[in-house]
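Chains: A, B, C, D, E and F, in written order; residue numbering restarts at 1 for each.
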Amino acid sequence: MYSLTVRDHMMIAHSFKGAVFGPAQKLHGATFVVDLSFETEQLDDDNLVVDIGLASEALKAILQPLNYQNLDELPMFEGQNTTTEFLAKYIFDEMAEQMTAGKLGKQATAVKRLTVQLKESHVAWASYSGSLA
Amino acid sequence: MYSLTVRDHMMIAHSFKGAVFGPAQKLHGATFVVDLSFETEQLDDDNLVVDIGLASEALKAILQPLNYQNLDELPMFEGQNTTTEFLAKYIFDEMAEQMTAGKLGKQATAVKRLTVQLKESHVAWASYSGSLA
Amino acid sequence: MYSLTVRDHMMIAHSFKGAVFGPAQKLHGATFVVDLSFETEQLDDDNLVVDIGLASEALKAILQPLNYQNLDELPMFEGQNTTTEFLAKYIFDEMAEQMTAGKLGKQATAVKRLTVQLKESHVAWASYSGSLA
Amino acid sequence: MYSLTVRDHMMIAHSFKGAVFGPAQKLHGATFVVDLSFETEQLDDDNLVVDIGLASEALKAILQPLNYQNLDELPMFEGQNTTTEFLAKYIFDEMAEQMTAGKLGKQATAVKRLTVQLKESHVAWASYSGSLA
Amino acid sequence: MYSLTVRDHMMIAHSFKGAVFGPAQKLHGATFVVDLSFETEQLDDDNLVVDIGLASEALKAILQPLNYQNLDELPMFEGQNTTTEFLAKYIFDEMAEQMTAGKLGKQATAVKRLTVQLKESHVAWASYSGSLA
Amino acid sequence: MYSLTVRDHMMIAHSFKGAVFGPAQKLHGATFVVDLSFETEQLDDDNLVVDIGLASEALKAILQPLNYQNLDELPMFEGQNTTTEFLAKYIFDEMAEQMTAGKLGKQATAVKRLTVQLKESHVAWASYSGSLA
């Protein structure tokens, strides 16, 4: 299995609901360093997993509506705790949709699996990894 | 699959038995930066893999009896070479036990897999990854 | 010149005032990984710059009132853009005060210089460095 | 599953053929930081995945004919775009061959899986992971 | 003293002349991760060292003519070994010129010192640091 | 001012004397990742600060008698707490001596300053920096 990973980041505000979150129930924020990996069984004719330029642009386009936002105010996250693991899955779904929409080119149809990791600090991170239909 | 990882570290002395270890047969030491990952198929009602606070405390509690020790003198490691890979499995087993004992809360019963990575330097690391019964 | 550095972090929300900030004028947030360095010309009798335990506790105590906060609502930052460089200076001043108050022990009187670096992402950071009177 | 990883690097020149590569069609270069992981289900009698000394030497031996080279001029890569993902597979194949040839010792026969990751920058990397027959 | 640092990178080919370079006399390449720091004694009215957006754009503009190039063929480097330390100074000079030309805004006139660090691998880096007239 | 830095590491055991050290009074150990920087005002005719090959070899030679040792048993450290900051100064002195002995070549006479940083974990490090006579 081959993988290609690109990195970007976003800086957001949010708060959590639930006693389990302790002080993080208050409005605070995070820098999320986002690593998105594409996996394929074969390389294409150019010896690529996917076009790294398109991959980076697609990731930036996905993060753009979140970057510099208070996630508590975004309709798509209403009623959700926007935890690191939840956001990993959100970015996974968004990238899967971009790929279906052809934003990563024809080669992207060969991608079998995506993994999204969000680093919230030097001591904690979370990820979501799943197969593509 | 979702994962959540927390990082901690310990500073220990030890020696190895066996010609394969060369100069590491002498008493020396290491800083092990320990990354422990929990994997679940679903998030809980709070959108969490596990409670990160409890996870960090449990990891610290596991490392505490090893930290600032000469591992050669600990009864539990008698007759064992405490290699990086061996210690990864030891920490895996300890965390599995903590989870069975309820130290990570009820949600921890949903954890399907643990991975423990120990970085011994900027150029070498080892891990153990396994399913939970 | 000797230096000793300890690392901690905080996760905050804030917004900026001024066209120069572009999208960062909106309420957003950041994880700041904070590195605080103490410099002395001589080591003490224990061969230390400062007591690393006290240094870590003092740094944590300084970050505690900021961690998990919306900095826009803290009276001490009223009318200020809490930029990365501004916060570096704030932490510098707080640590200098802790040292004057004896929180780092007697040896801390030998510290000639402090440097505070805040990493806001994998591609940007800021610092403040100054002599102690 | 246990893993052991060793890190090395190489500094090479190359160019790519194909419009998808944009400016990278010109002769340019890269530092590849190479992480090679060995996976086994059991540790050997010394509590090792493989002999880390032999593993490091084998990796260095594999990189040596590539290091400080223009990959465009190496016969083994003729007609190939030496992308990061392609090179990960090349190093995978070379290490599998070294292991078959006994260069990593008898224990290496227990290795079930190899993963080779090449970091081309702080924001992009690729890997190849496969089972050993 | 305040500092602000931005990071970018470039991927280049080059060769060196002189027996001291050993195998690096051959055409090879490198990824240089470039950290550029601006230092000021005071923050501006917005609490900034410099506008981080302009700083990042200026650094990208400086690296653009080098990125994806064979430095051996660039007229400006004729007769020069483009070592890591030499390139640090080159980028320093270019940024100083951009600042004089007003590309970083009026606040940039307060910058007292620039430091440019180029990381060529995980085990080696070089820098140039100098005062601005 | 130009600088060139090389990185290596060592894995040692030691213990400390003095109540300030708490649990670190017991025999424990550390991996020290060592970064050694050379500073010059001018580059040599090859555009180098120092020969990076000789610099790396000299650093390795200095660490070799410490690596895989219990520092408590080394005569040269008798009666000393081998703290991170103390070891930084020890390596500084050893490198200064190697340079005086000509081990880094003639160019090394131009080196004005050395800085030695030892990272003991992902959250703590120390350094010694000094001028050369």
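Criterion: a contact is a pair of C-beta atoms (placed from the backbone, for glycine too) under 8 Å apart; a residue touches a chain by one contact, two chains touch by 3 or more.
Owing to the predicted nature of the structure, the values given are computational and were not obtained by experimental measurement.
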item: From chain A, the most remote chain by mean C-alpha position; value: F
item: Longest centre-to-centre distance from chain D, chain (CA-based); value: C
item: Same-residue or different-residue interface between chain A and chain D, half as cut-off; value: different
item: Separation of mean Cα positions, chain F and chain C [Å, integer]; value: 27
item: For chain A paired with chain E, centre-to-centre distance based on mean C-alpha positions, whole Å; value: 31
item: Cα-centroid distance, chain A relative to chain F, in whole angstrom; value: 41
item: Shared-contact residues (touching 2 or more other chains) in chain C; value: 7, 122-123
item: Complex contact set, residues of chain C against chain F; value: 1-8, 43, 46-49, 51-53, 56
item: Partner chain E, residues of chain D touching it in the complex; value: 7, 9, 11-14, 23-24, 26-33, 67-70, 120-123
item: In the complex, chain A residues that touch chain B; value: 16, 18, 20-22, 80-86, 88-89, 122-130
